[in-house]
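So, here come the structures, one by one.
Here come two complexes built around chain A, the first alongside chain B, the second alongside chain C.
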Partner chain A sequence: MSDWPRLFESELLRLGLQPVRARQLTDETAQQAAEHAAPPADVFGPAHLYARHLVAELNTPATAQRLAPGPVLLSLTGVSKRYRRRTVFAGVDLRVRGGEVAAIVGANGCGKSTLLKICAGLTRPSAGEVRRTRRVGFVPQDGGTAGWLTAEEHFTLFGAAAGMVPGRARSTGVHLATRLAWRPSRKQPVQQLSGGTRQKLNLVLGELHAPDLLLLDEPYQGFDQGTYLDFWQQVFAWRDAGRAVVVVTHLLHDLQNVDHVLDLGASFEEGQR
Partner chain B sequence: MTPRPWLHGFLDLCLLAMLRERPDYGYGLAQRLAAAGVADVPGGTLYPALLRLEQQGLAVPGWQPSESGPRRKYYAITDAGRDLLDGQAAEWRQFRDGVDALIEARAPR
Partner chain C sequence: MTAFVVASLSAREVSRRWAALALVVALPLWFYLVRRDLAGQSTRMLALGIGWSVSTLTLFVVNASRSVDPRLRLTGASTASIIGGRLAAMSGVGLAVAFGYWVLLGVDQDLLHWWVAGLMMAVTALVAAPLGSLIGALLPRELEGALALLSVCAVQMLADPAGTVAKFMPFWSTREIGTYAVDGGSFDMVWRGLGHAALMWLICAGGTLAIFRWRLRLANYPEPS
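Now for the complex of A and B:
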């Protein structure tokens, strides 16, 4: 036969499935191919792609089973930002409930990152009202990590800031990393990690204290294609767990599954006229 | 036959409807879909959908021996599956009638 079952199983493990479940799915897949009296590659295509497809399918609840949206966790009303006499944006309204995903889109320089910082309470709006839930996770576009510390030291440090004991912060961090197909090395300082892996660290740190509202600023820079898909899968898993997620993005092809799209370019131009 | 994007939303509905008629295994369901003229569903689409139905408690699997080859995983619909099917069937009819009405409508001469 071929390497197909082995490749399939190892990709399932890489995607974070429990070994027992991965073995079970591999056995079933072999049986299904046997029903068709064909090699698995003919029935399912390349092993690693089918593994990703299967995991994504199993993580997607049927539309009928999606939870009704929860309470409003973030609300912006008539928010504007000016730097001196330049209006960056004006009249921005946005409401995001638990169980919803919102995307902030727009060209470079239209103030997407500024708006996200306003959502997080790190920047004050020039006008308008912002209400947010108490537990917020913020993932910046870059930076935010200390190069000479290891990933586990980051978990401990950020966990301590949220009142978590070190052991629990570490195990939570490692567990969350696994869901992004990343196994942090115990000794490697963060400055030796690739840009994509540092972004994974940022994502894990943003989620470490189980926030109800997640604010993500293009957190997938430097991700390869597989990791990028893992990232969106993770966003929808957060959503289905009842959290509210706001993602800043300039990639428009991801928007079909989000609940709200705030086009900052468009709202700014309307605000000007 | 039906382009894949259309089928995507209705595959669960079709599978549940066939399982309500009688329990069946994956390959049998694929053949029934093709015979009904609905779609040639590739294994890579069919089996994840069946696993999802199983995981959501809409169908339960059982093993049965086959006359040729290895034993087969047969799926049977559950009560929850029946309830969902009833709801989705009503939605489907409404959708179908709406699309039909749009297709039949013509500009006045």
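Now for the complex of A and C:
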């Protein structure tokens, strides 16, 4: 018999839940695992991590009760980028605090992805000043994964880069994947995954080392409707946990829920709170 | 730690590319079989075939990782651990291929210094891995890289081993050590070959590291005040 439910319940109690509530959540979790016909550890990851996640979710305040923005985590002042004689963009200003979401919009070729790479530090600006927090997660528009490795091997690889031991990296990765309604297969190489699932992997890899600032370049390509909604819920969960999120997007209906919109084509920023 | 994980996962990645791996293993065999009747020719061609196949495989592995490396850097990995880990994995694959063919030589040929032939193939594999990395670093596109390696290996095969051009080629050490293994003579040839191989390894590995240090450099932004 698995020890998972007992560990899960004891972690819930340790995190301060009432015994009745902890028992109820343990039963519900066991029921969900049974529906997947798999052990709870396979569905939810390690008991202690899932308990923390669940408690964090329960404690997340509703949108109307959002906390005040935290410290500035990304600041761009007069940033421009030129390739030889061609100016891609110029005079870009953006300031994103912890607990805020910013969207970068604009026509094709206006430099959205380039700007995000500048924010990450992968590309240097031609002029202007960039300040950002050290812990940053970057999710590219496509690529960024090794086709012959499995998702769990990616967790191990990126975890090692962040200084995590392999077991912890794998369990954290699987845990984060479940939040995007995805259970990574242990044997399937990434090249056999659908485009949407590969993007889920990209998202998990960007978040694996718990960065303070997340830079997402149209990360929802290939997502179905349900996953797309899950993605935005995840963005808001990051925001409510005090992280700063910058998303490159071209979907206008995404913009009503974000705090800042930077239109690279029009080169203006407006608050939308 | 990171280098070890990169090495083990790179080796696992290569082991899953069955078709590529089969071709890498088979290529030196064709080189060997063509002149199997001549021990010296077939042994040297076998070693050069190992060099060509291992360097080409490394080139493709380096190119396949191009989109992953910047993310690993951003997550916290050092360039040396990424490049070093991958080089260690490909050197291991090369040594495994070399070992297999060394056993074949022992069974199929009557060489004067069989163990030196093993040294020749091991040295070839160890030079081939950083050579493939360097070409991959210099020429990011696979076709250009593969053609460059083809040129290098073709010149290596055709150049007069005693001439100046051959000494500037990456696998001159293979010819030098191979001559002692097959024909005998002064052991100085082995030392000269090992010296040349060490120098080539340093140039290729150092060059790869320098190029990737530049390519994977991250902007050092100050923290917001």
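Keep in mind that, in the parts below, the second predicted complex is superposed on the first by the 203 of 273 C-alpha atoms of A that agree within 3 Å, B and C clash if a C-alpha of one lies under 4 Å from a C-alpha of the other, contacts with A are read in each partner's own complex, and residues count from 1 in each chain.
The criterion applied here is as follows: contacts are C-beta pairs under 8 Å (C-beta built on N, C-alpha and C of every residue); 3 or more make two chains touch, one makes a residue touch a chain.
Worth saying up front: this structure is predicted, and the values here are computed from it rather than measured.
Trainee: On the A-aligned overlay, A:Pro166 touches which partner chain: chain B = first, chain C = second, or both, or neither?
Mentor: Touch partner of A:Pro166: chain C, not chain B.
Trainee: With the two structures laid over each other on chain A, which partner does A:Ala90 touch: chain B (first), chain C (second), both, or neither?
Mentor: neither
Trainee: Which chain makes contact with more of the residues of chain A, chain B or else chain C?
Mentor: C
Trainee: Have a look at where A:Arg134 lands relative to chain B and chain C in the superposition and call it first, second, both or neither.
Mentor: second
Trainee: Taking the superposition as given, does A:Leu262 touch the first partner, chain B, the second, chain C, both, or neither?
Mentor: neither
Trainee: For A:Ala151, is the partner it touches chain B (first), chain C (second), both, or none of the two (neither)?
Mentor: Neither partner.
Trainee: When the two structures are overlaid on chain A, which partner does A:His53 contact: first (chain B), second (chain C), both, or neither?
Mentor: The first partner, chain B, only.
Trainee: Taking the complex as given, what residues does chain A use to touch chain C?
Mentor: It comes out as residues 71-75, 118, 120-124, 130-134, 136-138, 140, 143-149, 153, 156-158, 160-163, 166, 189, 205, 208-209.
Trainee: Please give the residue numbers of chain A that touch chain B in the complex, ascending.
Mentor: So the residues of chain A in touch with chain B come to 25, 28-29, 31-37, 43-45, 50, 53-54, 57-58, 60-65.
Trainee: Using the touch definition up top, name the residues of chain C that touch chain A in the complex.
Mentor: 1-2, 4-6, 9, 12-14, 16-17, 64-65, 67-68, 70-77, 218-225
Trainee: Can you name the residues of chain B that touch chain A in the complex?
Mentor: Its residues touching chain A are 9, 12, 25-27, 42-44, 47-49, 51-52, 55-56, 58, 69-70, 72-73, 84, 87-88.
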